[in-house]
Amino acid sequence: MSYKALSRNQIAWRAAQDLEDGMVVNLGLGMPVLCANYRPEGREVLLQSENGVLGVGPVATPEQEDRDLTDAGSQLITLIPGASIFSSSDSFAMIRGGHIDVTLLGGFEVAANGDLANWDADMPGKGPLIGGAMDLAVGAKEVRIMMQHNTRDGSPRLLEKCNYKLTAPSCVTRVYTDLAVVDVTADGFVVREILDGLSRDELQAKTGAKLTFAPDCGVLKTPAV
Amino acid sequence: MSYKALSRNQIAWRAAQDLEDGMVVNLGLGMPVLCANYRPEGREVLLQSENGVLGVGPVATPEQEDRDLTDAGSQLITLIPGASIFSSSDSFAMIRGGHIDVTLLGGFEVAANGDLANWDADMPGKGPLIGGAMDLAVGAKEVRIMMQHNTRDGSPRLLEKCNYKLTAPSCVTRVYTDLAVVDVTADGFVVREILDGLSRDELQAKTGAKLTFAPDCGVLKTPAV
Amino acid sequence: MIDKRVASIDEALAGLGDGMTIMFGGFGGAGVPINLMRALPGTPANNLTIISNSVRFLEDYAHALFEEKRVRHAVASAARSRGAASGISEIQLADGTLTLDIAPQGSFAERIRAGGAGIPAFYTPTGVDTPVVEGKEHREFNGRMCVLETALTADFTLMRADKADRYGNLYFRGTQGNFGRDMAAAAKCTVVEVREIVDGLLPQPEIHVPGVFVKRIIQLPDARDA
Amino acid sequence: MIDKRVASIDEALAGLGDGMTIMFGGFGGAGVPINLMRALPGTPANNLTIISNSVRFLEDYAHALFEEKRVRHAVASAARSRGAASGISEIQLADGTLTLDIAPQGSFAERIRAGGAGIPAFYTPTGVDTPVVEGKEHREFNGRMCVLETALTADFTLMRADKADRYGNLYFRGTQGNFGRDMAAAAKCTVVEVREIVDGLLPQPEIHVPGVFVKRIIQLPDARDA
């Protein structure tokens, strides 16, 4: 059998399906912000941005662009009705204080105990960049990670123990990759969904820690997005 | 010689004369709030109230009364143009953070080293009331006290050491009484102004700590207020 | 759809039970949730901890809670009843029915902000050399002695605002915000009585408290008019 | 009469000198004091500590400060230059010309708020088990390990807002407020460039930062238009 790994947009679509009506969600830079485009119809999901916005709307069209209204990724944004604006310290009070239901973040590595590494990839000659990742990883009620299952050279990113410097310990609850949806449980990684055409053994071979497969392990959808 | 001690309004008038143009001032309950009525013409003195107002205006007339706009003494107030409103935590951040130039507070006792006691008079059967006094005493750049020179039974309130529980240590810079204006200096109490008709010996006799008289010690004014 | 509106006081206070901690907004009559306070004695709530800048508000509007000895602990910056005679909370403080954590008002407000902000503790210079911080950990920073104060959180916050929308966004008139702004974030279940629940959603410049901090809103007339 | 208006950038930056600490507001292009940053190399300021969420802003708008090795220490949550190659601040970090206190963005923001609020230090769970809090004091609260973070203050804050009045009251458009709101209170001399200094005084609902925190305001066009 053969398989086709999910695109970035397909991973974003999948992650977005788990955002429930009424949730307050912070989307990290990169793949996570794509989720905003795939929120299921009929659900009100409020997007928080750590520079001080609750209720981020679609990216601004050229006519709507306002250079004084941005998100944490410096995109020019719009506000939805009911949106509010506040200071950085108030924004992180909201994050650290446990008021964000879910944060979706990019990841370099996730360990079987939920450890997350997503801030420092040891790029030679480049300075460190933490941003809001550590506060989000510590403060959000759920931390869900979106990343390629493997690095460009094929090394696993789901590991027994992270190699890179940690962002926060034991925080990740779910990982969306281009191959699977994997929960982090007290018993380690549990696969909830796997790509059609990819065998369990193949997925295990691409993973750096033991995988358990949920009794109701399903097929990872591949929507045309 | 005979003398007539200042009225509460006269003490307030005297204290108000020392409020300079541009100062941000917090007025405590009781005598201090009377100072608002005697701010010298032509000076802009901004009044802060610890329930979250900067720019407190005159007490509301019956037509202006708004039960949702009060000061820390629960008086119904007005706002001056340029006034702002904020939360209690922000208000005390302003106070504790050293952004208030002067606080004028009532006092039970002041010691020669600047210790202040003004919150707990050990009233039998009555519970404690701290309010904002401790934060103001610690946070304002200058703490000035307004009080009768003596208790009803004639005991001194300016002392070597406070008898009542302290509000804050070494914080008072000046005391306005019905008999004198007294600075607290590194050398203890220094009298700046004394009531006409009251001798230095008489004032010392009414005081529980050694008084020094400033070389330019003047006459305490008795305006018709 | 996000809809935090509730139709009855029973619904607004549902879940309020034994051993809980409740915060109360309000200062000087502004932002005091009088309707909700009056309804408290009718709930099964017992063995309560109350966090209110002044204990007196509770005496004024929920006197039966004291009569029935249902308040066991208070955190406040003021615990003085009206008038020269002892009030019921003062009597209960004296006889040990009620215990008290008295704090300078700024430390009180900051402890609540910390509770909502995920800050478990902070140092402040306020209170040093006074009996109110006796037994608290002391530590010097930059030559100034400070004390360690810990965060306050609650099961419920009860407060009043002027307007709200179905998201729970709040708008305050005048000085209604005071302690409530921070208390909204510090409780698991924040219930807000408002003069008006608006149609649609509040415009951004009018939102003083983002709805994320609020669980239930109820439209109730100003109890001071009654 | 209170009048915080100044007419020239020289006047706005007067007193900025050797060994000082400067905070910079701004995030994602909003609230960045580009005009004031560009003028910094022309002041005698040397041996500087900069407090800015991203060091890159300073590279973008005051590059000469790095070329002339006038920045010795930075506090930031991001110290990554544009592009794949090393930027000048990255080179100076590597060779020790520049030292860095890197903090999670929430701890960075809270340290600034604490600085303006008279809170010398606080505990936070953020950063525990990561190298960025190595050497910091650890302590458990309610079963959760936390680290002690200390307040940040400065000699100057430079920031941009949309409108101001002669009292120094500030109004922000959109997300201009970000770090500036707290930085205004954390510096001895806060200088704000604004699009418009209004006639008269700002109405209360438009005041996002009370003037008490601001020392100087200067009307300057949006440097992004240049």
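Labels for the chains are A, B, C and D, by order of writing; each one numbers its residues from 1.
Keep this in mind: contacts are C-beta pairs under 8 Å (C-beta built on N, C-alpha and C of every residue); 3 or more make two chains touch, one makes a residue touch a chain.
All values derive from a computational prediction rather than experimental measurement.
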| item | value |
| --- | --- |
| Pair with more cross-chain C-beta pairs in contact, given A-D and B-D | A-D |
| Distance between the centres, which are taken as Cα means, of chain D and chain C, whole angstrom | 34 |
| Approximate Å spacing (C-alpha centroids) for the pair chain A, chain D | 30 |
| Chain A and chain B, separation of their C-alpha mean positions in angstrom | 56 |
| Gap in Å, rounded to a whole number, between the CA centres of chain D and chain B | 36 |
| Per-residue overlap in chain B, given as positions that touch at least 2 other chains | 85-86, 92-93, 95-96, 138-139 |
| Chain C residues counted as touching two or more neighbouring chains | 110, 113, 117-119, 124-125 |
| Chain-chain contacts as defined at top | A-C, A-D, B-C, B-D, C-D |
| In the complex, chain D residues that touch chain B | 1-2, 113, 115-119, 165, 167, 169, 185, 200-202, 204, 207, 210-213 |
| Residue numbers on chain D that touch chain A, as the complex places them | 27-31, 53, 55, 77-81, 84-87, 89-91, 93-94, 100, 102-107, 109-110, 112-113, 124-132, 162, 172-179, 181-182, 222, 224 |
| Residues of chain D defined as touching chain C within the complex | 110, 114, 117-125, 141-142, 144, 146, 150, 205-206 |
| Touching residues (chain side chain A, partner chain C) in the complex | 21-22, 24, 44, 46, 48, 54, 79, 81-86, 92-100, 138-139 |
| Interface residues, chain B side, partner chain C - complex | 50-53, 66-75, 85-89, 91-93, 95-96, 125-135, 138-139, 165-169 |
